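Have a look at these structures, which come just after this line.
Below are two complexes that have chain A in common, paired first with chain B and then with chain C.
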Partner chain A sequence: MSLAADVAALAAKDIRIELRTRQASGAAAALGAIALVLVGLAVGPDADRLRQLAPSVIWIALLFATVTVADRFERIDRADDAFSALWLVAADRRAIYLAKVVSLTLVLGLLQVGLWLLAVALLNLSLRVELLALLPIIWLTAWSTASVGALALALVSAAAHRMLLLPVVLLPLLVPTLVAGVGASVALLDGRIADAAGWGTILLIEAALFCGLGILLYEAAAAPE
Partner chain B sequence: MSGLGNPGRTLGRVAASGSLAAVALVVTITIGLVGVPPDAAQGDVQRIMYVHVPSAWLAYLAFFVTLVGGVRYLWRRNLAWDRVAAASAEIGLVFTGVAILSGAIWGKATWGKWWDWDPRLTTTAILFLIYAGYLLLRASIVDRHRRARLSAVLGVVGFVNVPIVHFSVLWWRGLHQAPTVIRPGDPTIDHLLLAVLMANVASFTLLYAWLLRRRIELETLRDRTEITLEPSP
Partner chain C sequence: MHSVSDTSRPGIFLRATNLTKLYGETVALWSVDLAARGGELVAVLGPNASGKTTLLRILAGLTAPTGGRISWSGSGAGRPRIAYVGHATHLFEALTPLENLELAARLAGRDPRLAVELLGRLGIEASAGRRCAGLSAGTLRRVALGRALATAPDALILDEPFASLDAAAADVVVEVLAGAGREGRLVVVATHDDARSRTLATKSVWLSGGRVAPPDSRTTGTLRLA
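Let's turn to the complex of A and B:
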């Protein structure tokens, strides 16, 4: 099988499991929704302030949701030593990494779409045609987050206190993505399309850089003993 | 690289290099504190630059050495390179902390506050957290080769933040001044102050070299102890 076929087959496996169980996306969506409601309660009924805070709240909710989704995906792979079998079967180990990036990107992208729709209702965002430009930003952010997330998962999988260590390793690495994602969405909400495009370019560079590093380093990070 | 072939000679070299670093530090910091005139705009408080800038430089250097050590380990699978990477990351973390603390003191005197969510300050704090995560990851893995392999990967990915820290003052507006030495064009600092600053950078680098050597030796001893204590199969 070619690399692309391996990636498609492995990503389809992850997505099929998620569609059947809905554990990762369900928990992450609940976490994101709770974050939005809690911020609304903490800030109070000040519509302007809620609108200003919306991008930051959404991206921070997404970061924590990423930890939940990534951990769930990893647990499924590691159960019953399935990962060792997968490692032996895969002709090209980069396919395992790229498949994880594809499936995480899909789940995190859809989660963001849901969070933005929820924010329209809860944080008084106005629906405008320009907001459609959020879609490429959402998918670029999801790609960048997934690229770092898949690598960070491999790094902590053998560590003691894995669940504590995952956010410690993952979240600081995601800060450039957070900054660019917040910058792009704030610019879009303010109607500054050119600024948003600049942040989008930065996101594209970050995503490509992290994905490239992941392809190069995944085998070293994930090889079972 | 272990440096432990002849303990007597090794101790002699370490003492000599430590003494050299100590003398150089005392001399250059003294010149910085009392030997050169104060900055025309900031006055005496600007003298903290002679600790702040070398600490920031050492953090960059230390994390670069961690990157090199990690790449070399992944290439050669020689634990000696892992020891270099780990030792340098620890020293880099300490000097990042010193840069943040000295920057906070300088900030209080010039900006009126200890901390600001300025791009340079924030990205430096993130750098600190990344390498704290690096050391935590190492501490949580028992197997030496696995620990070396995984931390090498994190050392490579974590280094991505170093150029972001350096160029953050050019990419985003903030309170922190733009680079004065490593920048396109001539340095924007008085030549005498620049010379003293460079002398301090050199003496801090000697201190780094000495600390790195000591730390590598300690790590080598720890590895030997682990090997000795490992149960035979």
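Let's turn to the complex of A and C:
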């Protein structure tokens, strides 16, 4: 079986389980929505200020939602030690990492779309044609975040206090993605398409770099004991 | 008709030398040697905390030994295909038994339709479409064995495969393991079930305190496939 086929089979497993349980997406969506509502309440009916704050709030909500989604996905594999069976059967163990990147990217991308739509309603953002350009930024950010997240999960998976360690390892690694994501979305909301494209290029480089690092390091990071 | 043995690699040979595992100053395993080949069924026997699980996890490659060496030969290119079922089931509980077996078969490069045949052999086809989370412990043990077999392993390593099983189900598992041996797979089983290990095993290893001990009266003799 080829690497691509293994990745597809494993990612399909993650998505199928998520569709059945909705544990990761449900918890993350609730977390993101609460963050947006709280900011809306705290700032009050100041449309300009809400619009200025929206990108930062969305990306910060996304970062914390990433921790939740990543942890839930890892629990799927670690529950009843299903991971050991995957580890032994996978002909190319990079498939386990890449599948996690694919499934995390899908969930985090859809989560971002939902957060932006919610922000339109709650934070008084106006939907313009330029916002369509957000879609590639959303997916690039999701890919970058997922690449870091899957590697961070492997690094902390054997730790006794994994849920405490995960944000400590993951969030600092996500700072470049946060900065580029906020930069791109602010530029788009201001109608500065060229600037947004520049940030998008940075995001693409970050995502490719993190994914490449993950492919190289995963087997050593995730090896049992 | 698909066969569970259609991608097996005959001639697998395991040689473990001087295996030692320490957890701090606690000796879990001390200087254990073991040699076995495909077609053999090795029973690892001993009281609780004698090192059986540690030995099996080391053989499976899931625990690194502190010292000693394991070599596999005769498995062709790449690492040998090893399937392990420990105290956990290693199943995804939100998936059905059929989906778990199909996934394992796909990852092993085998036809996922074999999953149906395997579930039938294990007598659990009626549970094929139910989520694992809702199944009994005994059924899950058999699903776990099916998942392991779905990968067409060169070596099948099982920790207490008869736990949670009633007599009829345990007899089915004995027959399936004997079949795996006839197909040329190396089967290593840790068990407290002396009667079934007598029926099944071609070779026995008795552990006590992490060391290979002389077989006691219950485990002497070389036993053949049923």
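One rule holds in what follows: the second predicted complex is superposed on the first by the 225 of 225 C-alpha atoms of A that agree within 3 Å, B and C clash if a C-alpha of one lies under 4 Å from a C-alpha of the other, contacts with A are read in each partner's own complex, and residues count from 1 in each chain.
The criterion applied here is as follows: contacts are C-beta pairs under 8 Å (C-beta built on N, C-alpha and C of every residue); 3 or more make two chains touch, one makes a residue touch a chain.
Predicted model only: the values in this text are computed from it and were never measured.
**Q** Would you check which partner chain A:Leu155 touches, where first means chain B only, second means chain C only, and both and neither mean what they say?
**A** A:Leu155 contacts chain B only, not chain C.
**Q** When the two structures are overlaid on chain A, which partner does A:Ile17 contact: first (chain B), second (chain C), both, or neither?
**A** The answer is second: A:Ile17 touches chain C but not chain B.
**Q** Determine, under the contact definition given at the top, whether A:Ala121 touches first (chain B), second (chain C), both, or neither.
**A** Touch status of A:Ala121: no partner.
**Q** In the superposed arrangement, which partner chain does A:Leu41 touch: chain B (first), chain C (second), both, or neither?
**A** In the superposed model, A:Leu41 contacts neither chain B nor chain C.
**Q** Check whether A:Ala90 is in contact with chain B, with chain C, with both or with neither, and answer first, second, both or neither.
**A** Second partner only.
**Q** Report for A:Glu225: first if it touches chain B alone, second if chain C alone, otherwise both or neither.
**A** A:Glu225 contacts both chain B and chain C.
**Q** Scan A:Leu217 for contacts with chain B and chain C and give back first, second, both or neither.
**A** Once the two structures are laid over each other on A, A:Leu217 reaches chain B alone.
**Q** Applying the touch criterion given at the start, work out whether A:Asp81 contacts chain B, chain C, both or neither, answering first, second, both or neither.
**A** The answer is second: A:Asp81 touches chain C but not chain B.
**Q** Taking the two structures together, which residues of chain A meet both chain B and chain C?
**A** Comparing the two interfaces on chain A, one with chain B and one with chain C, the shared residues are 225.
**Q** Enumerate the contact residues on chain A facing chain C in the complex.
**A** For this pair, the touching residues of chain A are 1, 5-6, 9-10, 13, 16-17, 20-21, 76, 79-82, 84-91, 95, 224-225.
**Q** Going by the contact rule at the top, pick out the chain A residues touching chain B in the complex.
**A** Touching chain B from chain A are residues 148, 151, 154-156, 158-161, 165, 168-169, 171-173, 175-176, 209-210, 213, 217, 220-221, 223, 225.
**Q** Mind listing the chain B positions that touch chain A in their complex?
**A** Checking each residue of chain B against chain A gives 74, 123, 126, 129-130, 132-133, 136-137, 140-143, 146, 149-150, 152-154, 156-158, 160-161, 164.
**Q** In their complex, what parts of chain C are in touch with chain A?
**A** 60-64, 78, 81-84, 86, 88-95, 99, 103-104, 106-109, 131, 147-148, 151
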